[in-house]
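What follows is a pair of complexes built around chain A, which joins chain B in one and chain C in the other.
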Partner chain A sequence: MKRYSNRLYEGLKRISLGSAALLVVFAAVPGTGWAEVPNAVAPKGAHAGDDVPQPIEFPHDVHAKINQINCMYCHTYARRSKVAGIPPTSKCMGCHTIIATDKERIKKLTEYWESNQSPPWKKVHDVPDYVHFTHEKHLDRFLFSNEGMDVERVSEVCAFCHGEVKEMTVAKKVKSLNMGFCRRCHEANDGPSDCWKCHK
Partner chain B sequence: MSGNDINRRNFLKVMGWGGAGVALSGCDMPTTVTLEEGKETVVSYIMPEEYVIPGQGVYFASTCQQCSAGCGVHGRVREGRVLKLEGNTESPINTGKLCQMGQSGVQAHYNPDRIQKPMLRKGGALVEVTWEEAAAALADKTGKDSSLNGGRAAWLTGTVSGHQSVLLQAHLEALGSSRHYTHEVINNAVATQVNQDMFGEVQPTYHVTKAKVVLSFGADLVGTSMSPVHFSREHTKFRSAPRGVLIQVEPKMTLTGGNADLWIAAKPGSEGVLAMGIANELLAKHGLSGDALPGGLRDSIASYNTDKVVEITGVAKTKIVEVAKVLAERSPSLVLTGASTEAHEHGYQSVAAAMMLNVILGNIGKTITSSGEFPFPQLTAKRGDMKGLLAFAEHADKGEIDVAFFYGVNPVYTAPKFLNLEQKLDKIPFKVVLTQFYDETANRADLVLPLASALEDWGTHVPGYLPEDKIISMQQPLMEKLYKETHGLGDVLLSLLKMRKPEEYEGFADYYAFLREAFAAIPSDHKGGVGDEKFWMQALQFGVIPVNVAERSIKPTPIEADLPALKEDISYPFYLVPSAHLGLWDGRHANLPWLQEAPDQISKVVWGSWVEMHPKTAARLGVENGEFVRVESMQGSIEAPLYTHRGIHPNAVAVPLGQGHEEYGRYAKGRGVNPLKILNPVTDEKTGEPALYGTRVQVAKAPFDEKQKMVRFGGSETQVGRKLVASITADVFNRTEGA
Partner chain C sequence: MSLQNILTNWSQYRKGHEQGGFHDYEHMWGMAVDLNKCIGCNACSVACYAENNLGIVGKDRFEKGQGMHWMRIERYWDEPNLAPGVSEEFPSRGASFLPMMCQQCNAATCEPVCPVAATYHTPDGLNAQVYNRCIGSRYCSNNCPYRLRYFNFYSYYDWSWPEPLNMQLNPDLSVRDKGVMEKCTFCVQRIRVAKDTARREDRKVADGDVYPACVQTCPTDALVFGDMLDPESSVTKLWKAHQVELGKTKQHKDNEELRGYRIFEGLNTDPCVMYLERVREVEV
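Up next is the complex of A and B:
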């Protein structure tokens, strides 16, 4: 048993060293984490997204993984609106007037804040204008109205479409988010299939 | 879809072979839509307002400024941007509805051709300057230390009302001038004069919904009436059960005419005679009382026997008899007039004859009631008309004006050629144009002040036509200004006032501060028992301030209509109908692509001008649909493609208003023709209002062989035998289905 685990560990290590993209494909296979979300079939498919340089290399891993901050603490509009929202600069400064003020990234953030500007973040995830997608409805289905699901585990639901963001620094698109991706998930999870649900 | 091998046929084949599964796998193919990661910037708030949720709309109430009807609007605002306008349900004017011009308000706001900086004429050319420099030029020319003789300063504006009007009058007072000229092409100046003389007030309230019959002499209820949305709503209610009868008399079918039960094309200019003929029928055949009429008028009516009226108007006797019968049988009714009756050489008489029918039919007090005494006369609308422009031009020509301010008008575009306005404007040494767009008038200005859009500005409005419930309509900014160097009208007026009377106006930081103080000064009996702060908040929340008016009643004094015989003109046999439609209006919306794209309600033409003519007339002249024709008056000629339609009098030729701009941005410039340019100097004798419908023209095939496709929505006037809408004649219906 132990030997088998070691082999799996070695194998994973090799893959992670070899190709980050492949790892993403691997991670997308159900059964490696998200299958635990009850009453849900995680969407399949992967996308090798571009690296998107951001004005500040925001470390999602430090926030979401190491410090265990709930995704919705910063992306507070996700449960209330179509869009999850980029956190307002004031929210960043709520912590970072005290925490880690000596770090380069925080100094840059403070500069933006003091010059009354928000960092010009680059958009990573998007759907065309003719697609009506709402975070609110999806969070309701898979999180708030999902029996046996805990709000603390929201990142597993986010990961359906955004991948393991808590393993990333700046976000990267790892799901195709095209119509096939959406449709397959809607079929698997009994989501609406009327054209106008999304194309209104 | 270029660069993609899937065309429609192949797509259908795929669908046929594999069904939905295959089609859906097609959805994974690369799309033509690029959603490249990291290309777009997504800017977060620095410190969000509590009520703001990105992705969710917040609604604010304001007032539409696309025409002077003053409809209330709700603007949907998301992430600090206004996205959509709809009608404000609280406004009694439009009760939650909004027309296509109103909907297009967002395009006036986001228009790429907006002026973003003041422009000052230097060495013959307009150059961009800062507001400081513009203000310095204004102070130099109009300030209290300037050499300006204040009495020689003038304002030429469109219809203005509310507190902007108060400030404008204050500015004139501070200058010591009484020169406020108001100008609107689409107006009802002649009708308001008749109302004043006959009913003792400029604008009584019309109750279309209470009438069982509406006889409209050219009043375009569902189109370009004085309050388009209001009268469209009234028309809808009037036509729902029990269905009212609508009879429309006009030379060219409007949308209202197209909806009428009976559409009558009287000979242009003979509408008054038709009204007299109907009056004669009513008195002689249906026993209605003419006691309320002066003796002379009764005699005059008696002289218009039906045969004579048939001869003058060209309307069939059966129709005259039928109209009189319907009016006599269904009471109350309502007789209204519009531009095609009013804007003639003897328009005043024609309108007087038509309104006299309301007296005979006993409609006064039923479908026409007094609008009461509005408690704030200083806020009521200063209505524009054409004669305002004439007076302005005359005074400019005489060299009586040294400084002129222009707001809400584009006289260089709307002035007929005979007025020679450009030359007369040159006699005004300093012309200041307040505008959002670089139009023909701005092109001749010495100083152009860029205005904030209607969705960025403060204001109060009292429209010229108010329904039964009287209100002041509130205008508030729906979002931050797009361009820092634009200013609202109120703010510009305040700065002008500070240049003349600093001691009185220095206290107001901006127009908002002025409005707050003005609202505080409104007597408490108009505030419904709430304090100043709540009153203000309510005004912002609901967008309207209900106003109690003192009731009045109307005692009509009918006017003796003296209708001279129509003059024939052999060289210019046709009447020019400069038709207006709800869209481009008087040309002010030609820069809004949505309205250029919206087809004319009758001809379905988009993005251009056309000449509308009866098919018989076209056949007689040997011109065909789509061919260029030349319409020529004594003042000049215009050419546009021909559109034949049976909804026009054979003696009339219609050319729509709105196109033919030489400036006014990328969407308007160099497109179509402007019929106002070739108007003859004909005026209504009584009121002096230019007779827009009184110009005689000749028509011929254009002397060049240009073929330009007239772009029309739809294309075919017939069903090409396909029986898409089956119809039978009334005779067959009565025989087979009728009682």
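Up next is the complex of A and C:
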């Protein structure tokens, strides 16, 4: 999935902002992937969402990058339902009754666990109510039914829309996630273009 | 598809099925309504309100004709002589009922008049309304011979569902805002789920996998819903049994006793809902 590598995307964005002519030249180079998409200009403006303060500063980098935990180990609903889901506290405690119990954040987590509460996690990536988005279908298309892509590399697939979460601590919205963003990918990958497939 | 569809099929849309129409369908959702079974209980209408987040407009606005009932029960008194000498506006005898939902016309009159292509035909044979695209010109509503499109004159969510009633809103479809036209969708959110499930299980959508809220609720099974491209579905069989076919402005029947008809089919709208005429013993 070279065409979706973040660096390329960011690079393209810069180029498109700088010079449209340059983009045309760049897009004409075979193998860049963007050549398939006519007028594929990254949406302008800032896409980064606000910092969402979480009850516990969850370090995605420690889990996904350093310890190489598969995204779908915790966000297990992604492969079978509309939403990726926030893991239940029991899943956290499955490891953290043993691992790193001396850390401040884990102590806080244990407090929640022992008082029979789940930390009030906040949603970071939220599409508008009128959008029907299914994680399951997208994972099927880009991960399970995608030749040459194995499940260990799922974070690359997630990064299409969620950015490099494994470089972050608390997740932050970095992609625009607007209709143009969706359409560009749908056009490049023969996704459905029927209005009622996504709008409800 | 959508806009592209409309641009490529514009003339076909306008000329309807006479010139072949738009035939590239994945499904063709259709319905059959047996008026003999309909008791006018309004359960379908209530189910529709619950399922589709329909705004509750209040008595005054309802009287002005601003009700948002996607599924309505029309009342007719076709035998006023049942009680001779009695003159009532709503006689206690002789009423008959007709559930009226969007007919999902294949040559829909609402579609070609939309200036922004907010209403279009889906590959499922449904007449779709894209709320985000709608600018509220109300052309479609004025062009619908069935009067089945409803306009949001107000932001009903401000007061339609006071706390905690907002918790019963269906998350599978949006709550429409002021200035947007809306209409029956044959519960497209349920169809979407059924198709997703079928795809996950690597099979076709079977008959009975999906029911709109009205069909599910009907206590007398007066409403039958299904895919008319599936020859085995109960709705196809019913249409066949009553010799009603899509793509005709006048049905040929071998037997005059067959009750099936489509409302206003002479207008060349090609509706996907068949009604079975009510038969009543007047002599009793």
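Quick note on the criterion: the second predicted complex is superposed on the first by the 154 of 200 C-alpha atoms of A that agree within 3 Å, B and C clash if a C-alpha of one lies under 4 Å from a C-alpha of the other, contacts with A are read in each partner's own complex, and residues count from 1 in each chain.
Convention: contacts are C-beta pairs under 8 Å (C-beta built on N, C-alpha and C of every residue); 3 or more make two chains touch, one makes a residue touch a chain.
Here the structure is a predicted model, which means the values were calculated and not measured.
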Fit-or-clash call for chain B and chain C when the two complexes are aligned on chain A: clash
First, second, both or neither for A:His132, with chain B first and chain C second: second
First, second, both or neither for A:Cys195, with chain B first and chain C second: second
Touch count on chain A, higher of chain B and chain C: B
Partner chain in contact with A:Lys103 - chain B first, chain C second, else both or neither: neither
Steric overlap of chain C with chain B in the superposed model, located at which of 6-14, 24-32, 78-86 or 114-122: 78-86
Overlap of chain C and chain B interfaces on chain A (superposed complexes): 134
Sites on chain C touched by chain A in the complex: 1-2, 4, 120, 122-123, 126, 128, 130-133, 171-175, 188-189, 192, 196, 200
Touching residues (chain side chain A, partner chain C) in the complex: 129-130, 132, 134, 136-137, 193-196, 199-200
In the complex, chain B residues that touch chain A: 24-25, 27-28, 31, 33, 35-48, 53-56
Touch list for chain A against partner chain B, complex: 49-50, 52-53, 77, 80-83, 85-90, 113, 116-128, 134, 172-173, 176, 178-181, 183
